[in-house]
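Heads up, the next two complexes both have subunit A, just with different partners, subunit B and then subunit C.
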Partner chain A sequence: MTTLAPVRAPILRLLRSELRWIYRRPRTLILLGLLALYPILFGIGTQVVDAPVRANGDQSVVAAVAGNAMMLPVIVLSTTMVFFLPLGTTMTASDALAGEASHGTLRGLLLAPVSRIRLLAVKAFGVAVVSAGAAVMTALIAFVTGLIIAGPDSLVTFSGTTLPLADGLWRVVVATGWVIVQMWAIGAIALAVSAATEHPLLVMASVIGGLFVFGLLSSIPVLDWLHPFLITESWDSIVDVLRDPMPWENLTTGFLRALCYIVIGYSLALARMVTKDS
Partner chain B sequence: MTFAETAGVGTADAVPTPVLAARTRGLRKLYRNTVAVDHVDLDVPEGAVLGMLGPNGSGKTTTIRMMLGLTTPTAGEIELFGARLPEAAQSVLPQVGALVEGPGFHPFLSGRENLLRCAAAEPLLKSAAIPAAVSEALERVGLSDAANRRYRGYSLGMKQRMGLAAALLVPRRFVVLDEPTNGLDPAGTREVRAVIADLHKSGTTVLVSSHLLSEVEATCTHVAVLHQGTVVAQGELKDLLEASNAGLLVSTPEVTAAVDALRDNRIPARAVPDGILVDLAATSAPEVVATLVRADIPVYEVHRQRTGLEDLFAQLTETP
Partner chain C sequence: MNTKKTALAVAGAGVLAGVVGLGILAVPAGADEPPPVLPSITAEQLVESVANAKIPALNGKVSAQENLGLPIKVLDGMNSATVWADGQNRFRATVPGRTSERTLVEDGGTLWTWDSQKNTVTKHSHGQQATPENLAGKDPATLGKDLLGLVRQYSDVKVDGTARVATRPAYELVVTPKPTERTLLREVRVAVDSETRLPLRLQVLANGQADPALKVEFTELTVGPQDAKLFQFTPPQGATVKERTDAGKPHNEAEGRKGLQDFVSGLNLQTVGDGWDTTFVAKLPGDLNSMLGQARGDGNGKARDMDVTSLLKSFGKEVSGPYGTGYVFSTKVATALVTTDGRVAVGAVPEQVLVEALGQVK
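Presenting the complex of A and B:
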């Protein structure tokens, strides 16, 4: 009898193989391309469009962004985080388990075998890398575009102060990191749904649909007791990085809220994963 | 060969060699309120080619999925090489290659890319050996020329070959093939048969499920017949065939005398249009002939009434 010792494929090889697979998907590349174009078009648009001052005397967002290198990356992040970034994250998560199950490739991995817990870890890693990568890329392109358009002396905050370049960069980094954690929370929930179904579209519909419902619920005052539980509740606070001095309170609450979603999401995903029939 | 060395293959051990590559006892699977599989006691002897036969919906695939740890049984136990599943999955499954429920690959990747991805997950493959192992598997199933085309454009037969290639990426001790000839043309079917024969020759245990009886008859040493979720017969192919055709057809002009002579010797026989039919359950062909000759009965011709697997299968799976 041969000695039967447990053997595992090297984890780095699995992670590399996972990333290779994700970044070879046409749809991943298309989405990343759109995300890369968005800040550039947004920046150019603010220069080209002669934004009118609103009736109440406030500047529109477009007018605020024009001529301010600090504003562009933060506004770009705050607008992508409500749709494009969750879309990319959810898309990756839906392909990760539900998509693989529907193609019959999940079986292959489980048969190799990759243990179910390890497989979930590999998938979580893939989703985390995609969402973080997309957010970093978008923020970086937006920051550079802003600097090119408005110059490094134009890092003006909401409070009217002008920031030195290093300080401005630091705030963009904080905003990006904060957005990444929010996206990881979305990814955790999406992976939990993904583990529970064989239909990738169901994952997309439920998570993106869920975000819209959250947006609706948070606009209904009667349901204010529910609002602290909604992840979207703190998403407006990203613009806090544009204030001087920076108020941390709402950002911290949002961060902790996202952590709760991550813990809950991965607990559910793990529970489903170990009992799943594939 | 550039395959990674399997953990201690060939080392003599104090533990006696298990005779069974796979063994299930009392396997049962319920889907909601439907019993998919019940009381499945399956033995797959090591080195055998076991054909799993059964009509559609008889529980073949469910049994296979449970044996590979893909589905959790409602009750019962599974052993591969004497080790219990699912506990021992990480040590035994690397030695098992499988094609279950059709091939599963990503349409936007080429055949080679798909196999590289499968190979990355194979515990017994060293990273440096992966490209060679993939090329070799593609070669073995005749897909080398199409290796760099997208899987999306593959024909049904080519997809099936890909599934086979994934199962054969690593030298295995046990290969499970669920309907491997689905979608293959006659030439492809012959190639699969050749692959199975190859595996058998190299000592690999093979479990092949099929609804094509001729396939099983041509390639298998053992057979298990499933019907309505239970094993209705299993054993060596020749034993099963023998047990099912316990009849000897004797042509003779003196039918009555022959039947009497045999009955005198407590051998059951009866008259049929061409002569007499002797039940071989309790006796053997030479003894029947000797008895008839001793009784001075002219015998023109003696031959076994062969039923073949088809009849056996029909007998076993006909709903009473």
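Presenting the complex of A and C:
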């Protein structure tokens, strides 16, 4: 550091401009639009499909789902968290560093009067905001859709108990928060890959492809020693918030596992950033 | 550059911490605990105290594993049922599915079962008769003694050290078949909680197998008062409620029992041998080929139009002997022999004993 250190740019301004960049990209908006439509279509679709089934006095799993303002958001989150939410997260992370590198704009940023650690922090903030925002939006729309379809007195759990609205909302909040942390873990890994390459598509391919490989590995019983290391291992347990009393055990393990991934991802990203040639 | 080195050191430490963290999450807690030291107890005392024990207020997780050597796992869905008891004969149990749950609530007068997948509640009002004391209809202590006496005729029963099940200290009660018994089973182990005298774990071990063929155990257990709300159930809005009451039951039950008796007498069920060697021998109505014809005859559509013989062949091993030809199905704990002329022998014994049993029944 020289004594002529340039004036640091205010961090809030950096964060704001990063978010402006992300939310101006058409692909971000398109993905968010699809995510907003998904719960509505899911809710209405299952109602339509379910009508003839229920006339027979029987009800499928999916059917029970849509008739419930608590189940709909959780099931919608559990289905979006395996593809759409990681896709949005990875897309943002790949644009954040690899995208800039492929446009040649990262060089400018690396030379700018912003330390590389701060640059990584700004990029990480952008990814975190996008994934959290997408999850909250999806859950909220699903909750409202469920309320409109089924009303506030229908918050039936898997265990057959009926919860008051506040409790039901709390369960949805827990599920959303939990999904956000899982997406932050994906974002951390994606950002580490993004820091290591100049090809944004490689980030997408490796992270989304990696998730599919994880899914495959977790279905091979011989590899059961490996399963607890896979982040996808606890993703099924998001539906535990629909059980009463709520079993916290698997959710807690999944949360801690995601934290480990976040620490590993950002450590690797940091190592790559400080050793990167400008 | 100093910041660079610091940043790299932090990053390295971070990766290490993350990987170690994942490793810790992967290791099951409390795996290598030494067996607890407990005051010694005789098998008689232990069995009597189990028979006298009352189920206290508790909540826990029960898992069941089998290693029977069957082509499919029969207990696959059953690896983490959760149970609650309030100490006054009210119970709750849930069996979670991947995106569903079955719940069973015994509230003292009514047994509720709930299936979230079918959105159905079954209500069974039974009054106060479902308590274990009433079911046994006998002084529990005598019952324990009688049972122990019966088991001792064919087996050695002893307390074999201690164990820790769901972090609770327990006595291991071991039932071993006498050397003269020709069974596939090596021993049956029951871990009994030292404090509440609840059976915490049941293991059935077969000959030549290190892992238990069947294991049912508490993986978690907390003894203490439970929320009274757990032992109540109100059918949720929109669910189908099916009611079963005792009023109509004796009639149905008698009818059902008669049907079962007819079926059993039709089967000509006999037992051969005693103790661990007990073999059940039955004669199916008709031989395999005529049964095949029946299946074809009352089959509605092609679904039931299957070849019984080829089905038997695919699951069993074709054998022949003094009984003619047949098919043997072997698992780790039991063997079944079906002959082509429609005789069936089943027991926790090797194939040879089944063949002898078939020879004794004409």
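Criterion: the second predicted complex is superposed on the first by the 262 of 278 C-alpha atoms of A that agree within 3 Å, B and C clash if a C-alpha of one lies under 4 Å from a C-alpha of the other, contacts with A are read in each partner's own complex, and residues count from 1 in each chain.
Operating definition for what follows: a residue touches a chain if its C-beta (ideal position, glycine included) is under 8 Å from a C-beta of that chain, and two chains touch if they have at least 3 such contacts.
In this text the structure is predicted, and so the values were computed from the model without any measurement.
Room for both subunit B and subunit C is found when the two structures are superposed via subunit A, with no clash between them.
With both structures placed on the common chain, the touch criterion links A:T105 to subunit B but leaves subunit C unconnected. By the document's definition of touching, of the two partners only subunit C reaches A:T161; subunit B does not.
Within the superposed three-chain model, A:R243 lies in touch with subunit C and out of touch with subunit B [touch as defined at top]. Once chain A of one complex is fitted onto chain A of the other, the partner contacts of A:S115 extend to both subunit B and subunit C. By the touch criterion defined above, A:L201 reaches neither subunit B nor subunit C.
In the overlay built on the shared chain, the residue A:R257 is in contact with subunit C alone; subunit B does not reach it.
In the overlay built on the shared chain, the residue A:T275 is in contact with subunit B and with subunit C.
Our summary of the superposed model lists a minimum C-alpha distance of 6 Å between subunit B and subunit C.
Common to the subunit B-facing and subunit C-facing surfaces of subunit A are residues 115, 275. Contact residues on subunit C toward subunit A in their complex (touch as defined above): 3-4, 7-8, 10-15, 17-19, 21-23, 25-26, 82, 94, 96, 98-101, 103, 114, 116-119, 121, 227, 230, 233-240. Those residues of subunit A lying in contact with subunit C across their complex are 57-61, 64, 67, 75, 115, 117, 153-154, 156, 158-162, 225, 228-229, 236, 239, 243, 245, 247, 253, 256-257, 259-264, 266-268, 270-271, 274-275.
Put simply, subunit A touches subunit B in their complex at residues 1-10, 13-14, 16-17, 20-21, 24-26, 103-115, 275, 277-278. Residues of subunit B that touch subunit A in their complex: 6-11, 13, 15-18, 65, 68-72, 81-83, 88-94, 96, 98, 100-109, 113, 116-118, 120-125, 127, 166, 173.
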